[in-house]
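Read from first to last, the chains carry the letters A, B and C; within each, the first residue is number 1.
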Amino acid sequence: MTQFINRRTILKTGAGLGAGLVTGALGMPALAQEKQLTFAVWGGDSEVAGYRNVIAKFESANPGVKVKLDVMPFAQFYQQVDTRLAGRQAPDLFRVTYQQIGRYASNKAAIDLTQYLEKDFGKGFTPAVWSAVNVKGTPYALPHHTDTFALFYNEELLEKANIAVPSSLDEAWTWAAFIDNAKKLKTQGGSSYPFAMSWQNGAVHRWMFYLYQHGGRLLSEDLTASRITEKAGIETIAWTQSWFTEGLVPPSTSVKSAEKVQNLFANGTIAMMLNGNWQIPFVEQQMKAKWGVTYLPRDVAMADDLGGTCVAVSRDSKTPELAAEFVKFLVNEENMRSFVNTAQLLPVRTSIVDKGIEFSLRPNEMKVFVEQTKTIPEHLVSTVIHPNWGRFNPKMADELDLAFTSGQSAEQTAENIQAHIERLLLRA
Amino acid sequence: MNETATSRFSGWWASFRPRLTPYLFIAPNLVLFSVFIFFPLLYAAFISVHEWSLIDEPFYIGAENYTRLLTDYQFWQAMKNTVIYSVATVPTSLAIGLLLAVGLNRDLYARTFLRSIYFLPVVVSSVATAIIAAWLFNDHYGVINALLKLVGIQPVAWLSTTSWALPSIIITTLWTRVGFCMVVYLAALQSISPTYYEAASIDGATRLQQFRHVTWPLLRPTTFLLLILNVIHSFQVFDLIFVMTGGGPGFSTTMIVQYIYQSAFATSEMGYASAMGIVLFLLILLFTLLQWRVNKRTEEFV
Amino acid sequence: MMVTTTTPTKKRLETIGLWVLMAFGAVIMIFPIYWMFVTAVRPKDQIFIPDVNLMPTGWVWQNFADALAHMPFLHWFWNSTVIAVVAVAITVTINLLCGYAFAKFRFAGRDVLFLAVLSALMIPVQVIIVPLFFVVSELGLLNSYWGVILPRAAEAFGIFMVRQFMVSIPDELIEAARLDGASELTIFRKIVLPLSKPIIAVLIIFTFMWRWNDFVMPLVMLTDQEMYTVQLGLNLLKGQYNTEWTDIMSIALLSLVPMLVIFVFFQRQLIQGIAGTGLK
């Protein structure tokens, strides 16, 4: 039996107790007479710069409109947005990953944008990201960019070990070849560990592309049953677990640690790293040795991670039409092109992807990433956009971490993950 | 106006006012507490019997959150870790603090300077402490391992092994707490009248005996104060875990407040988090009440 | 000070031994802060060199200037200062009044209220942060200094300490003043406060420290980056994808300075003050 509680009445009673005693407010109240939009984001310097550029252009094209950019730390971003939504004080617009938008969409915290979009608006975007922002055919956010993974490598160390790097997607190393190369690097020395994977700090969903590479699935085709306990699932868990048991990765790079893999790559602790395109500026600045980027290893299939973010309009917005205008402006072709170039991210408009885009920093390496975006499986996308994915993610991290660091068997891990799937991902 | 009535009234008012005074004096605090602490606490209790993801409406589920706690492996692990952490840090920081206080109570060269150094870590914010500690203890580029290598000891995988992760957190905590205990004990030691010691030494007591029979009993109220404060503080450890280990590896450093935070904001289960918060609150309250009773017997609180 | 009957030479050796021990401990204590300093003055591209260098490898004082310029830190220092100073003024005043009442008056419900006040210390803030956000937002105080100052203005620990201290103030003084016809407020101002100088100093130091280092509450209440405090700024620096170590270490060091100044200034009263909190 459901009982909806009128939170407002309780709130008013409580606040009434104290309301009379407080006088005045020091500081800046947010009410303004001119039209103002607040846009909450997280991001490094280059991303924030990219956002500010677009905002400046929008403001000059729309006099009397001000867009305030709220930059928040990523670690507490969703805590802030959710708290503000609970208090009916959410910003007009907020950035959100594809894995989290489902939660906001299904709770109607992000508004339905259909009425603000032209027909076939979605056709301008790559199918994977457009399906990610839609729930039952209704768009709740607009895709802004994507990110994906590839293999960074230390040129000097690989040369010393006589390891040749694949020059095209077809020549990508098989899993076996990848492990062989890793072992070669390990025996050669020069770095403490052969490689590491960047899946810390809540990014455990990146483990999934290995599952798809091995022909496995988390959920069935129609997303109504778990498939993690099948042979392919257990084997993938066992394979990634073996990286730790065989000393191929630093023990501190498990899914629940706070380790930053790119630091280890920059200071030579690891010879290769599986990481995303946004790391290029950092590596460029900090890495002393020569380095490059190549394709991911592959098994029966090639697969990659769906990274990136979209932008949604919150239900608390007092000016949804204006907010929608801004989002559309943000993701139009010209602005998207300059944004991804500034921030070293990947575009999601088919027009840009087809025409090609030349990045100012490390263009050849970025080409590898762009190619890899084509290998993101559609089923992976439909799995991670489940409204409860945000709740499931930390639980999957708990189980995989136990497998990697505490010797939990692959079978047991798969079973435990299945229990979480059944509790969280399969209910209506 | 009737003269006798006014004088009776002012008489009544004169005798009533002193009675009103204490209430007036505590009123500002009480009002602030009510609005900003007790009301939210009641609200949390209210939410603890609901399911709430923050972005939708709360949904009544009765005592389900509490019964779920009973069988939640991660909850019990978090409780166990928090208790171990508390037991490891509280008596230790008290003991070290006391030793430091005794040592720095003597007339030593640069005594004030040394005391300031020991107190400095207390002043560093938890955010800064966590950031520095995470770096110092890092397996690969951390300074502690570099120092160990210098003296020929094998580097330790501090934050990535289940056996060393919790000790790293404990060591960092001790760094931030011993200074506080030291300062409080120092003050207490200085307020012990020398006549007690003179009397004891005349009776032929050794220094150790003096400590056991004079110093330690007189320090009991301080110990009580520090015990309560440090236990409360240790049960609420959060920033350190969040930044250094994220609760891992495995569940070896998952602490109760960190699990509460994760339930509230990562897995969107505010009702469950509130239930845990209420349970934690009641436990600490119980502990304090017990300590209060024990202490009342040995010390008179007016 | 304990009285001993050992020989002078033995005593001297003991003192030296003790001093060495204390000094050694101090070195361990100061090391992390020393490390912060070394990192702050290190050239940026030498942070992650494989060989860890304990000595400063450079004296890049420019890093401090860069850190301050990189983000609006001076502005954040200002915010932190305003919040801390106002909070201290309010908290110390009401704590003194409240602690005095608990220490020297008998009134109905005193013990229960005192326990209630103490129990406020035991609630993990994460549990009440959302309803607290509601309250502050209903009061229209979001994103303002008052929204951060008021929720923490009532400090239970302070009340506890003041009470312990004031219990030892002689009742006769207060009674005498009452018989002379002085009002309660006058008694408080003219008799109790002057005797409480040490505890006032203690309260000022600890309250300033707690408000300066507050993190969880300001994080939720201050949504506008211009209103950020130093701790929120540090957290932001900790970073999205990568940490700017020289920036963080510089700012963390700078943020210790106000605390240090206050501590050194009030140090003597600090010891004296805690001495009086009923620890006889």
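The working rule: a contact is a pair of C-beta atoms (placed from the backbone, for glycine too) under 8 Å apart; a residue touches a chain by one contact, two chains touch by 3 or more.
What you see is a predicted model, and the numbers here were worked out from it, not measured in a lab.
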- Between A-B and B-C, flag the pair that has more C-beta pairs in contact. B-C
- Message: If you average the CA coordinates per chain, which chain's centre is most distant from that of chain B?
- Response: A
- Distance from the mean Cα position of chain C to that of chain A, given in whole angstrom: 38
- Distance from the mean Cα position of chain B to that of chain A, given in whole angstrom: 37
- Centroid spacing, where centroids are CA-atom means, of chain B and chain C in whole angstrom: 14
- Residue numbers of chain B (touch at least two other chains): 35-36, 39, 43, 54, 141, 243, 264
- Residues in chain C with touches to at least two other chains are numbered 48, 50, 130-131, 134-135, 150, 235, 238, 243
- Query: Residue numbers in chain A touching 2 or more other chains?
  - Reply: 14-15, 18, 75, 79, 83, 86, 263, 267, 269
- Message: So in the complex, the part of chain C that touches chain B is made up of which residues?
- Response: 1-5, 15, 18-19, 21-23, 25-26, 29-30, 32-33, 35-36, 48, 50, 52, 54, 94-95, 97-98, 100-103, 105, 107, 110, 113, 115-128, 130-132, 134-135, 150-154, 156-157, 159-160, 164, 167, 178, 184, 188, 209, 212-213, 215-216, 231, 234-235, 238, 243, 245, 248, 252, 255-256, 259-260, 263-264, 267, 270-280
- In their shared complex, at which residues does chain A touch chain C? 11-12, 14-15, 18-19, 22, 24-30, 42-44, 47, 68, 70-76, 79-80, 83-84, 86-87, 89, 91, 260, 262-263, 266-269, 278-279, 282, 285-286, 288
- Please give the residue numbers of chain B that touch chain A in the complex, ascending. 31, 34-36, 39, 42-43, 46, 50, 53-60, 74, 134, 138-141, 157, 159-162, 242-251, 262, 264-269
- Task: Give every residue of chain B touching chain C within the complex, in rising order.
- Result: 17-19, 21-23, 25-26, 28-30, 32-33, 35-41, 43-44, 47, 54, 100, 103-109, 112, 114-128, 131-133, 135-136, 141, 143, 146-147, 175, 179, 183-184, 186-188, 190-191, 194, 197-198, 200-201, 207, 210-211, 215, 218-219, 221-222, 225, 229, 232, 235-236, 238-239, 243, 257, 260-261, 264, 270, 273-274, 276-278, 280-281, 284-285, 288-289, 302
- Query: Along chain C, where are the residues that touch chain A in the complex?
  - Reply: 45, 47-50, 82, 86, 129-131, 133-135, 137-147, 150, 219-220, 223-227, 235-236, 238-243
